[in-house]
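Only one structure is covered here, and it is reproduced in the block below.
Lettered A, B and C in written order, each chain numbered from 1.
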């Protein structure tokens, strides 16, 4: 049977099975492939590293459980770096369906780093409104989020005494899966309120943010699980993303093989037709 | 009048919101902020409308025993149970240990992740079928795809570790992302933004009015 | 009389001598209008220094204010000369205090760390067009030291135009002008104006025809976003043309919608399509269904429709995100002809790979003009095309200027 005929008859479920194995096997038996952080990831890390202790950082975590594998590692590592630098973190969520997940992550990392809620960090929860909320925070963050995720009045929290709006924050970190997200923060907030912005996005969205990275509107970026893994590597951590990169490596290799084999089959058919 | 009043309102509000971008004075900015917040509230109330329609259509299908009615019953049950539990648990429905949280963690979160994970399988079958090199452009596309795919994972770095830094796959991938991809993306973004502006202008000025009710 | 005049003069003279010294003032923003040392009674008593303990820092000086331009009177910019002890352990930072009178009472407005000598009062309690007085206090481990003087009256005023947005205004007016000019011009010419062929849009009718031959319905997905996204508006406009065609061919159409407002509009569009095709009685209100705003719930429902109802044609037009590949690939598996169009550049590759025809970016927005051929709509496309030429010229000129170190154009185009 020729290659072309074989692939034409091949049930696509075999492709799915092989893909599943390519992902599952390295998760069970890690390959520990070395990582080389790329320039956008280094920039992301360096911007945070340059913050003074006591700086307030606004972190907008706009993702849901579906994008957890890519964005959760970014969130955890970013929070750890911020806490270890004694920065104060104000978390907001603009993506519906993500509030509970984000709170879980923030509380876990905060407990790990012995941070006190309301003093060292606060989760202000979810607010509907997309860009309108982003612009309203430029006037007053407490006015936009009068209560935190647990329903407490934010004006009574020690961390919020010195936080008014973007000018009170040294940095805006946007970790987003789509809309509203990093692109909207760059468009609506960065230029208007002169606050540095760094972003973490899914691998699919990363290419569309490169124009902003190049112009400096975005000061650093993590793209997908690869970006998250590189960031973990810079922080000497081996988290979820690093473990997932072995699986992603083999999955990519498999897709490359699919492309090559598909073309070989096509060329063989053409050659046979012309011969 | 049925169409004239909405057209007038669209034009007035649309032009006012454009004006608010250039005029910071409170005579313009305060009403503009109010309109933005009102839009959020109106859209939120629209969920009620959607939920009512969802219930009506699916209940009818269950009552009439239309094909697939059992799945519609599951949908109705899920909707009713989630909303009821959320109402009973009140403001703290998102706290740890509540039933709403259980539904979020065990049902919504898992199913959402599973749907997203399907992409891995679909991309493999799509890649197998679609990256056929028939023209020069297709060849360029396939080569770029191969370089970026291998350059973005550590395995690519391992396979080309022996090459000079400029020829390693991760360097080439970064160059593709920084230069040609960036340029193409910018062009599409600008074109799409102009398209959005042109459509918006047509809607504001009432040139495009079929969205109103469709009846001329 | 003389006696009274002399007494008055003496009183005036003594008052002048008793008045506190005034600093140099200027009448324009950028410097204090009045700098008034605080009355002695208002100053808190300074405790005697404890041996070995750190002293309170020396005060900051020279506080000046400036109204922040191009805003709605919501901010005042303050700057001062740092305390001579800044840079030592005596100074942790500065508190910016505000009052509505020079003597207080004072409210803490903001705080900055040591080394910083400017601050912007953007608090919501700042009232525009009202005089405020400011004072900066240096604070450290040894205590708080108020400045020796206050500045004011500082007034935050609003402006009628944001001068940093001139470039945007100019380009926007240019764009609007082009569009309106070409709309008039094309209408005046009469006849059907020229538009280059867009294969993806031509393919829509072909797809509906194929579905009719197969005796299967048409599935139309107007994107996953709400009505505030222009792509959704455009998708709903095109829906009317598609519904009209399916009505003419007597082919059922299914339209799952993700948000309530587009749902009501979609119902009207489909009904209108049937009415315009003269088949009003064949309109089925349940052909349009609200599904869910939740992305993956929506796509699960649509793939269910694809698997069960086996539509002959899939038309995906509008805003899509991660679900684009799921839709396109699941649809491919059913053997249907697929036409897609979106302005979300990151999803285009998935549609290009898995669909038969793809409308890229602004081709989606050209669809309504293309399908109707209406001069007003085509004119707007021509206006947009001319604007693109202007942007290309700006890019070329800008690149040349930047290459020669001239940043004026770039700075003028950067908005605030």
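Miscellaneous remarks
Following the convention adopted for this analysis, contacts are C-beta pairs under 8 Å (C-beta built on N, C-alpha and C of every residue); 3 or more make two chains touch, one makes a residue touch a chain.
A quick note: this is a predicted structure, and the numbers were derived from the prediction, not measured.
With respect to subunit A, maximal separation of chain centres occurs for C (centres as means of Cα atoms). The interface with the largest number of contacting C-beta pairs joins chains B-C. The distance from the centre of subunit A to the centre of subunit B, with each centre set as the mean of the Cα atoms, comes to 17 Å.
If you average the Cα atoms of subunit A and of subunit C, the two centres end up 22 Å apart. Among all residues of subunit B, those that touch two or more other chains are 39, 112, 115-116, 123, 125, 127, 129, 131, 185, 189.
Touching of two or more other chains is recorded for residues 293-294, 296, 322, 345 of subunit C.
Taken residue by residue, subunit A touches two or more other chains at 12, 66-67, 97, 207-208, whereas all remaining positions touch fewer. Residues of subunit B touching subunit A in their complex: 33, 36-37, 39-40, 44, 91-92, 94-95, 101, 104-105, 108-110, 112-113, 115-116, 120-121, 123-125, 127-129, 131-134, 142, 145-146, 149-150, 152-158, 170, 174, 177-178, 181-182, 185-186, 189.
Of all residues in subunit A, only 12, 52, 54, 66-67, 96-97, 139-140, 143, 162, 164-165, 167-168, 177-179, 191-192, 202, 204-205, 207-208 touch subunit C in the complex they form.
Contacts from subunit A toward subunit B in the complex involve residues 7, 12, 15-16, 19-20, 23, 33-36, 38-39, 64-69, 97, 99-101, 103, 128-129, 132, 135-136, 149-151, 203, 206-208, 210-211, 214, 223-224, 226, 229, 245-246, 248-256, 258-259, 261-263, 266.
Chain contact summary for the complex, subunit B toward subunit C: residues 18, 21-26, 29-30, 39, 43, 46-50, 53-54, 57, 67-68, 71, 111-112, 115-116, 118-119, 122-123, 125-127, 129-131, 185, 188-192, 194-203, 207-208, 210-211, 213-215.
Note for the complex: subunit C touches subunit B at residues 70-73, 128, 158-162, 165, 168-169, 172, 175-176, 179, 183, 226-228, 230-231, 233-234, 236-237, 240, 259-261, 263-265, 268-269, 271-273, 275-276, 286, 289-294, 296, 299-300, 304, 308, 322, 325-326, 328-330, 332, 343, 345, 348, 350, 353-354, 360-362, 364-366, 368, 376-377, 380-381, 383-384, 387-388, 391.
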